[in-house]
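The structures considered in this document are given below.
You will see chain A twice below: alongside chain B first, and alongside chain C after that.
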Partner chain A sequence: MSFIKHWYKTFYQRVFHLDDRLLLIIAGSLAGICSGLAAVALRLSLETMLEFLHPLRHYWWAFVLPAIGAVLSSFYLEKIAREGAGHGVPEVIYSVSRYGGLLRFRSSYSRLVSSFLTISSGGSAGPEAPVVMSGSSIGSNIAKVIGLNDRQRITLVGCGTAGAIASIFNAPIAGLVFAVEVILGEWKFVSIIPIAIAAVAGAQVSQAIIPEQVLFYHHPFQVGFYDVIACLALAVFAALISVFFTKVLRQSGQLAKKSSFPLWGRAIVGGCSVGLIAMFMPVVLGEGYHFIQSMISGTFSMGILFTFMAVFAKIIATALTLGWGGSGGIFAPCLLIGSLTGIVFHKVLLLFFPEIGVATEGAYALFGMTALISGVMQAPLTGIFLIVEITGGYETILPLIVVSSISSTMSHYIEPASFYFKELIERGQFLRPGTDAKILSDLNISELIETEYTCVSENMVFREFIGIIKTSNQNFYPVTEDHTDNYKGVIHIRAIQKYALDPGIHDMIFLNQIMQSNIQTASLENDLHEVLDMMDINNMDTLPVVENDRFLGMISKTRILDLYRRELIMQTSVH
Partner chain B sequence: MNYKLLHIFRNTPFGRETFLQSLYFCKTINAFPVVYIPQSDKFLMYFSNDAVQVDLDNSYLNAPESAKEHADDLFEKAGIKPMYYTPKNFTASTLPDISTQFDYLCCPRSVSDISSKIGLGHLGPKVRRIIKHATFPVLITSPVFKPWKSISVFFGGSKNALNALKLGLKIAMASGFKLDIYTLLENKSEKQYRELAKKEGLENAISQLSNKWHFYKKPEFETMLYDVPHNSLIVLGAYGHGVIKDILLGSKMEQIQSTIFNNLLVSGPYCSIELS
Partner chain C sequence: MELSVFDLSKHLGVTTSTIERWLRQGKLPVSLRGANIKFQVKELEMWASKHNLELKITQDPAPEIAQKPEISLSSAILNGGIYIDIPGHDTESALKESISKISAVPEEHKQGLLARLLEREAALSTGIGGGIAIPHPREQVAFLDNPVVSVCFLKNDVDYKALDHQPVSALFILLCPELKMHLKLLSSLSFCLKNQNFIQFLKDQPGEDNLVSKIDLLLKDNPLS
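Up next, the complex of A and B:
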């Protein structure tokens, strides 16, 4: 055993501590491979189960299948895995923002199982958010095992995310971009290389196991000038659909929480509703890749009205699945809703301008997908690279950039927070590196307190107090009770001038007569932004910090500024 | 001093015993108990290198309408001002983050209410994980409230044991109770153990606060355990840094926790104890 220990120590110190980047590349590759395997496992098991259940969908009672999946999924998540509810991605962002990317080990498999149950039974959701959750958790736990620090752990969370996305879509660039744009929120040289390597590792795992190289095949599109112009209008239309989708998703979840149904009751209501919608609109079932493929290939046969209805049916089905007990992500629904939106737009365009020379329906399905992804996630680069990679359609890059940019800008204008960030922003927990909120949250009150203050007794005579002032340079003097040492108030040196200038009363007044006992105090449990708010409201630069009636020290704006600046430099440095 | 102990309140007779122990501990060392009454059956504690999810059994959510009333009542009887902890951050809507900025945490031997799991010899996996990652000592209480009147430190010479010795001295200082040190002579002599303490600058504190330093030969481990007063708070270190020691609490700690009914105060590998 001592040999293994010795070998481990030597290897760790000589190799890993040699270069931070080498360590991150090796660990990141491992995270990419593991998360890639997790993603492939989910994709293959979903394909198998969907195929197995396909014959059953023709029976009249098939509408209960999504309900069964949702019940099993919610039961598994709540009672077996005991995960808190949530889609996963906001939890990863929260952990990266607040706790240096610490994620529970159980998250590396729990969402995979629950989303498998939901999606394979026909629930309207995608497998991408669960694999992101899983990959991130794998990265975080690898970092834990090899004892990495917060910054390195966050990079490995990004590696896990990139590996997972790269693997499930066979799209390494999209994996890299999604990890940096959505999860980490900062482009840093030191983290981009390991994440890129992890994305490649994830994609390679996928390619090694699944022979198909491109998720959606298509013939090359002929994209012209009119398409770029038309994309402006499509982007606006898709942005409106994105905002509507985001709002319906959130409100559905809130409605479910307010309802009096138990957990399984909600899953039954949501699942059966999805099943009933699917009886008339099968397009809403599962992740819908098959329908996306038919739209891109130009073999989708629905008319304008039905396609338009299908957009809303899919939105409602996804909201019912995810809000009412199912588990999964919104990537795949976004792709389907986007392609339906693109098809509707194309049909309407040709209806009004039958002679216009624009690309085929399939190309507009791609534009719609990009616009929806960019609008809902407000992550334009992810939208562009994902669609380019999953379709191999590099000839569409110009209109894709246009729809993506305009859709994300429009969505941001109407609804400033994306679906992933909205909840965190509302909870005041959206903390991106280098932002004011993040720096304040990273500073601990206990490190800001200045403790070297001489306390004075409330029963001290003023003359004695003057003797103390002479030998000290404090501006504030905390006053405490004699026997208990409990904090009673504070004396500001400026507030006692009138007493100091009248020697006649020096022996007649006690400190408890002149102290300020109504000054607001901070405690260790206050967040720094709360302390700053207190200072602003009370127009003070310094506040006493009191805990359990004991004076701990003073906290001042000057000290906060010093440490704020130090933290800001650290968080925004190039490395 | 302004030490705070976090207590996860369980509104059951067993929970009451644990809480009485917390109150007694705090009163004895002049610390402040902070009570968290769980609103959901799980919570997360983010330590520096791990996120530990504590899944509570249903007994922790028992009779929520009377939980605060019962806690207040026990606070009042102990003459301590009630303090409650309300989580500010949530990882998910039903998953609150509990602060790890406390000086002590009180835990039963298991967070399960099943009687077979609260007896001797069983230390729940979640309690073990908390000990392993906590930056504060964990008070593991006896199943029934049992006031302690002295402090016994098990000192085996390791880094964690030195931490435990410091912790014992700190508790002795705060409580005024006498401290006994118990050492099983394994690879070192009596003199070497004393030298270890001296190197850490603990010589004066030991001479002032300790009653006696007991040394036992290797086969006398059981005798040593028998000699520990039944009403003594046992202070000891847990976990080493080796590969196997990361899995188990340490062979001696396992043996002690499965043999003795006393209250245990355990310092894990991430605890840093300062004598001030």
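Up next, the complex of A and C:
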């Protein structure tokens, strides 16, 4: 037994401790498999539930179904799982950038349950973001169990994300690209390999369990020169739609927060409205994969005007579902809105140029999806690879790239923050690796504070103080109250030079007469960012740090620069 | 509004060469008009808000608050006045008699002021030596508008527990509404009192005009004022 232990220890020391690549690959594939399983579970249960509920859709009261789902979902999240509403992707990004990817274990299933309740009842949302949340939480908790550090944990969060996306779409490259482009925000050699392997593992799990693997069947498309030209226009059109979609989503959430309804009331209002829209436009219901399939294969049979209205119906239904209490992602709604947009565009194109030789409606549905994904998430690579993979159509790659890049550029021009990042940026929580905000948030006051200061009493006579400065090299002397030791002010040597050179008044003044008592002080709770602002506003290089009236130390720009630089070197060095 | 490279460098608190480097590296939005480099404030603001940057372009730096004309020791003495033949046999009685004479102090504040002066004396004597003391309160005197130095010549020399243990014959009661004035007057006063000639001059209990002109003459040579 001890032999095995010894062997294990040596092996661990030699192989894992010095170079964690193998460890990360093994743990990463485990995370990929687990999150793949979670994704498959959600997808299968959604399919079963949708089939089960399908007959009910014909009754007149079917419009309350989404409301029931939304109420259950928000009740579950609020009371049982006790987690915030929303799709969870910004939370994952924030946790990765701020807390080294620490996520709660319950996040790995809570969003699955709530989005299952929302979507299966007909709420307009996608299962992907919940699966991402669950996958990343699985990755994070695997890292916690085997005791990894922040950097390794972040890689495992990426692995979980990649596995989940790879599994739900059966699209390993899209999983990899999404994890790196959206969640981690940095392309690093050491993290890409485990993530790639996790993505493959996730996709394999999904292929093994679900027999008909491809989410959407492949149809060969004939893509010609005119299509590339037409795509330029489609991309601009779709970019506008995606900006509109993002705005409506955000507005609806804010409106719901402002409204005086209780939580369940909001869910009922949102759910019933979705149900009513669905009475006239069944296309808005659920995640809508079924409709996307019919659009790609060209069997979608709605007129121009109706399809155009369906675009907005879906946007509003999604906003009502997600903003008013439902839970789920925007991936699937993006795909559906995108394919509707593509089809509208194709129909309009044929209306004006009936003779033009362009590809079929299905191809334009693909272009539209890419444009919407790239526009809303501002992640062009994810858009391209996802669509290529889920449809298996490599021949469309050329227009896909055109559409994706134009759409993401365009929406970036109108709205520089993508849907996922907007919230974070507004809250000042968007901290990509190697940025100023990230470094300032990582360094905290207690690391920067210089504490080796001798305090002087406020009732000290100036002559005594002169004796102290003769033997010390402090530039600042904090002044404290006699009996309580409370901070009263600070004396800067430069400010008292005049008095020091005037021996006649050495016995005449006390320190509280010459100290600066009104200068700004920082406290340990302040962010470094706030402290630097205080320094700028007051035009000072050094601030006293005071907590509960106690003087703790001084914080200076020199020291900040010193540590800032070290931190920057550490954070941007290649691992 | 348009800004030149120089203006922008002032607003951002960097040198012009930094601005030029940022331009070269393509970090700032700029409109080139021939060889002239001009920044549009609106463009800069839009660019900053899009990139979530804070840009503090203020119209004009706030005008500096006009400094109050500094008050001189001689004018403070003119405010305070000179009083002679003050009776008293110790610190407390001498101060009490002096305060009651000083017309610049309103009647209702006299009692409080005396207590504060005595408190200060208890902490450390203000008798700076050479028979002179500079009584003053620790905190500034809020009820006065202008600084006041009242010179009180005592009838009898008084044991003031001065730093050089000599009896005190003259009090310079220093009352200021602001700390800054207080320190300035204290400094001027101590400069004058370092001069032995001046101390001799005080023994003759000079009149207001004489004293003021003597002080003005002395303070001309003060390197610290």
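Assume the second predicted complex is superposed on the first by the 557 of 575 C-alpha atoms of A that agree within 3 Å, B and C clash if a C-alpha of one lies under 4 Å from a C-alpha of the other, contacts with A are read in each partner's own complex, and residues count from 1 in each chain.
Methods note: a contact is a pair of C-beta atoms (placed from the backbone, for glycine too) under 8 Å apart; a residue touches a chain by one contact, two chains touch by 3 or more.
These numbers were taken from a predicted model, which means no experiment stands behind them.
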{"item": "Contacts of A:566 with chain B and chain C, given as first, second, both or neither", "value": "neither"}
{"item": "Touching partner for A:499 - first (chain B), second (chain C), both, neither", "value": "second"}
{"item": "Which of chain B and chain C A:144 touches, first, second, both or neither", "value": "first"}
{"item": "Touching partner for A:459 - first (chain B), second (chain C), both, neither", "value": "second"}
{"item": "Which of chain B and chain C A:102 touches, first, second, both or neither", "value": "first"}
{"item": "Per-residue touch tally on chain A - higher for chain B or for chain C", "value": "B"}
{"item": "Touching partner for A:416 - first (chain B), second (chain C), both, neither", "value": "second"}
{"item": "Chain B versus chain C as contact partner of A:510, first or second or both or neither", "value": "second"}
{"item": "Complex contacts: residues of chain A adjacent to chain B", "value": "1, 4-5, 8, 82-86, 91, 94-95, 98-99, 102-104, 106, 144, 147, 257, 427, 429, 446, 524-525, 527, 547-548, 550, 552"}
{"item": "Contact footprint of chain A on chain B as seen in their complex", "value": "2, 4, 32, 41-42, 44, 46, 49-51, 53, 55, 81, 83, 88-95, 99, 101, 242-244"}
{"item": "Complex contacts: residues of chain A adjacent to chain C", "value": "416-417, 425, 430, 459, 461, 498-499, 501-502, 504-505, 507-510, 512-514"}
{"item": "Residues of chain C that touch chain A when the two form their complex", "value": "50-52, 123-124, 126, 128, 134, 136, 138, 163, 179, 182-183, 186-187, 189-191, 193-194, 224"}
